[in-house]
Amino acid sequence: MIGLSHYLIVSAALLSLGILGLLTRRNAVNVLMSIELILNSANVNLVAFSRFGAGNLDGQVFAVFVIVVAAAEVAVALAIVLTMYRLRRTPNLDDADILRG
Amino acid sequence: MTAADYVFWVFATATVVSGAVVVFARSLIYSAFALLFTFFGVAGLYVLLGADFLAATQLLIYVGGILVLLLFGVMLTHRIYDLKLRTEKTQLGPGLIVAAGIFIIFANAALITEWPTVGREPAPTTKEIGRLFLGEYLLAFEAASVLLLVALIGAAMIVRRKKDA
Amino acid sequence: MEEVLRSLGLFKPEIALTAGLLLVVIVDSIGGAWRNGAVRILSIATLAVALGYAVELQVAGAQGAIFSGMLTVDPLGSFFKIILVLASLLIITAFTFRAARELHGLGQGEFHALILALTLSNLLLAGANDIVMLYLALEMVSITSYVMVAYLKGDRMSNEASLKYLLFGAVSTGGMLYGLSLLYGLTGTTSLPGIREVLATGVPGPQLALYLATLLIVVGFGFKIAAVPFHFWCPDVYQGAATPVTALLSVAPKAAGFGIAVRFFFGTFAVPVTGTWDLSGVIDWQLLLVVISVATMTLGNVAALTQNNMKRLLAYSSIAHAGYILMGIVALSDVGARSLLIYLFAYLFMNLGAFLVVTLVHLHDGTFDLRDYPGLYRRAPLLTLAMGLFMLSLIGIPPLVGFLGKLYVFGAVVNMGSGYYWYAAVGAVNAAIAGFYYLRVLKVMFIDAGNEDKPPLKLAFVDRAWLLFFAAANLLPVLFWSRIDEWARGAVVLYTGR
Amino acid sequence: MDITYDLLLRIFPALADAPSWVLVAIVAGLPALACFAFMGVGPVIYVYAERKISGFMQDRLGPMRVGKWGLLQTIADTVKLLFKEAIFPRDVDRTLFLLAPIIVCVGAFLPLVVIPWGARLQTADLNVGVFFVAAISSLSVIGLIMAGWASNNKYALFGGMRSAAQIVSYEIPAIMLLLVPVMIAGSLSLQDLVAVQAGGLQNWLLFRYFPIMPIAFVMFFVAGMAECNRTPFDIPEAESELVAGFHTEYSGFFFAMFMMAEYTEMFVISAVSSVLFLGGYLSPFPGGVLQTLGPLPLGWFWLIFKAWFLIFVMMWLRWTLPRLRVDQLMHVAWKVLLPVAFVLVVVTGFFVLLPETANGFLWDRWVAWPLTLAFVAFLFVVMVRALRWNRRRAQELAA
């Protein structure tokens, strides 16, 4: 029987994959994808808790807001990445290194 | 196992495997397209969890909006005739160890914790969620619209080329 | 419907800001040569009205949960609202386009709209009473800040700073979201008072998930207040952003972050008892915060010692100050909360003053480098004297406001008992370290030789007036301190109902 | 799913004793098979219709050779396409090249799941029906980008990017306009949307709220047409600029899949439009006349009739209007359709709240539908006269 823990483990797997992506990827768009994985893992958690644990719809509503926020974030993020590409012809984060000290 | 259980395994496998492709793929474009299957798998999990409205939202916004944006981002930040689009990966070893540690900790937490078990039978959620949006979560709903407005203004402002005083 | 109408009465500052934001966007899109002036006046008027409403709430001592428990209104929240709106108002009036060289020639409409949006989201964050609202407001603050940091779009540094800020912010808020989802799973509710009720009775079984949730939530707060080890973005962002944006970011989102942190740690992770709070559940977050706080102030101060860029120096200094302010949360008492309020109040004036001086020097000399500051005293005595005052205030020299802030914070920690004396001592040692780099700035400006051939800085009348204003704001509060103390004492009322 | 299940048990009561997995397989398989058959056969008819109609509009005969009036022409073409070699150019990305047509097809076929062919004839009466259609149709965007990318051909890539930009832009007004009928019906389920239009022609949503709904319908139809890349919105495959757009490199069966998806999408848009505005499977006569013919329900006939009529309109417009430029395209979406859609939604919201007009305006019953019909007829007459004038002019020139 599929229960809460199954979903939580899927979510944990997504979370750790997202973190792995953050740690290993150097391309800005790729890092954004990893962040989307993390947000999705949290959403799976919220919906699973809403179904099995809490028994109310608050989790699902929360997840809808998370999706909306993610959309806004990605829009701004891509605008910034595009500007970066325009300014120095690379989407790689390692090349973003003029601020230091 | 019931039919729903099989379906769960299909969606869960699709989600995790394509999530792994997102992270491990050598080519950026493969990561982006793998993300499609992750989003789709997650939407399938939502359906199994009785969250039909959320599943449709997931498809509409993640697949129709965010993923398209990301694809445009990929193509606009590369010379588009280069089919391979290799991206660099660094620190794969330490990263794997950290990620595995995190997975073990969180999976362990998920298994040993005594979560509340009130539960809620799957039932159509659209009406109820609509009511919550305009009732309990009215303020959050309005705040989200302000957030989208700000993101719209901000993104348009940032990418606009010419400086205009 | 009645709930909404009732709520709107206690929601006036935010309504004013929203209306102002929409008006600014509309006016800016209409176009015309007059729009820049109109937008500016409109924003100032909006913030002034919002400030008036916030003060009204404070005076009335309004309390309660509004919008079905999404937000709370209480004197503590009103205090934060006043500080947050005041910070934006000061930024718009004293800094921006006239004084900031980086912003010359850029569009004003979006800038003012963004400042209003940031203020609005700060107010929402400081009053959030539900984790949905908390997350949403946190992201609103963050996304608005990313855009503001990227405002100098042709500028590589601004672009890079915003990218770093965004990636770092998205990761930490993503982690926090995961923590919040665990918290929802453990308690079955999204309302902060509801969560407290569950936590007070204790979570059955192993506590690992609760620990993880707490840890992840602290990550989110830590990012917002730039506490170590979530501070990496801070110096880069402060350096890359336009100076008015930096000044605003160094005060407003940080204050809002502290506002929600107080609400979270006092109102949710603790049970209110008269005068003090008791820890609820088994999470010893006090210890966690002590560690973070000590690390934050030490690292901030030590790193600031070697900085030559004034913006980076002030960035590290603001990190260190976040460490001091955290002491007020750790104290977990009325005294602690009061000290936090007073410190933020003081920090607002001393930090904005210092940034104003940096902005003005950049306006005239085009440099943020401390090595270009020698001889400034001969060229602009008023400016230099004011800077001296701000620096002394940041160190905490009596009788300036900075001293009073530190006095309250250390007092609150000492009040906790002998077990925490070492903590206060660490704070004192840090204040001494901080003295080095603040005094170094003064030494460079007053004593060091150089730049003799450059002409004197001709400050505009408005700039002089603002310098005098900030100097007075640092100097004078001590005269009527009992009033301020009373105000802060009255403000430490946390509404913890639904 | 459950509707199919009920239907199945009514016809074959013996199946109730079968093991659950057999039932599940049948319940899931039958509608899928039906949809697939419809999808497979549909395009054959549409392509024939398209060629004939364009033939007549251009004063020629269209296909005439194979079979009587060329009836078998498209079947022959299909057979040819299926047996032709599918060429893979050397530098394409094979995985994505193969995956793209599949994704596009899935995106085109999945909405059929929720289209109601009758009160009980529907694969799944989803609670979020309309929303589901909107969500799924975004899937094909990804497929088009994928096809464009995998082809490793700049024209294909441009075509893919253009179509993605176009579909995403037109999706926004389309979804806003979806809200208008949804607000009136108070439900996202397509069954409920049809149910509020029961009772004959004058109750169709198109004829209610007189100035609002006709505008909403026309705009939704235009946005829908743009979403399936039909002329005048066929910039993504503009043959004079981009060879053939995203499917430049495709041939044989895979090309057929794109074609199938495109025509299916046309059908879906038309069917959804008729469900939302034209009463779906309801007959146009008051009192449910001809809703059933004896024991035979006619819902499917009415739906297909309305949908095919709209498809005919699409083909008609193809030969009437010239192709838009990219900037005009974006202008239409963002500066015309979207603001008007917003206004419509807000205005409809007000009117739905007013109790007197809960079922449309007072004048709707008597005035609105004749007016709308008269307007459509007027348009038709004008167009016919223009065509006649054209022909006469051509004859004069020839003489």
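The letters A, B, C and D name the chains in turn, as written, and every chain counts its residues from 1.
Everything that follows uses one rule, which is that a residue touches a chain if its C-beta (ideal position, glycine included) is under 8 Å from a C-beta of that chain, and two chains touch if they have at least 3 such contacts.
The structure displayed is predicted, hence computed values, not measured ones.
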item	value
B-C or B-D - the one linked by more C-beta pairs in contact	B-C
Approximate Å spacing (C-alpha centroids) for the pair chain B, chain D	29
Inter-centroid spacing, chain C versus chain B (mean Cα positions, whole Å)	31
Distance from chain B to chain A - Cα centre to Cα centre, in angstrom	6
Chain C and chain D: spacing of chain centres that average the CA atoms, whole Å	54
Of all residues in chain C, the ones touching two or more other chains	132, 136, 139, 143, 146-147, 150, 153-154, 182, 185, 187-188
For chain B, residues contacting two or more additional chains	53, 57, 65, 72, 106, 110, 115-116, 118, 125, 137, 140, 144, 147, 150-151, 154-155, 158-159
Pairs of chains in contact (touch as defined earlier), listed by label	A-B, A-C, B-C, B-D
Touching residues (chain side chain C, partner chain B) in the complex	4, 7, 18, 21, 25, 36, 66-71, 105-107, 110, 113-114, 117, 120-121, 124, 130, 132-133, 136-137, 139-140, 143-144, 146-147, 150-151, 153-154, 182, 185-188, 203-206, 208-209, 212
Chain C-touching residues of chain B, taken from the complex the two chains share	105-106, 108-110, 112-116, 118, 135-140, 143-144, 146-147, 149-151, 153-155, 157-160, 163-165
Chain D-facing residues of chain B, complex	2-3, 29-30, 33, 36, 52-53, 55-57, 59-60, 63-65, 67-68, 71-72, 75, 80-81, 83, 124-126
Complex interface listing, chain C residues touching chain A	131-132, 135-136, 139, 143, 146-147, 150, 153-154, 156-157, 159-164, 166-167, 170-171, 174-175, 177-178, 180-182, 184-185, 187-190, 235-236, 239-240, 307-309, 312
Contact set on chain A toward chain B in their complex	1-2, 4-21, 23-30, 32-34, 36-37, 40, 43-44, 47-58, 60-61, 63-65, 67-76, 78-83, 85, 91-92, 94
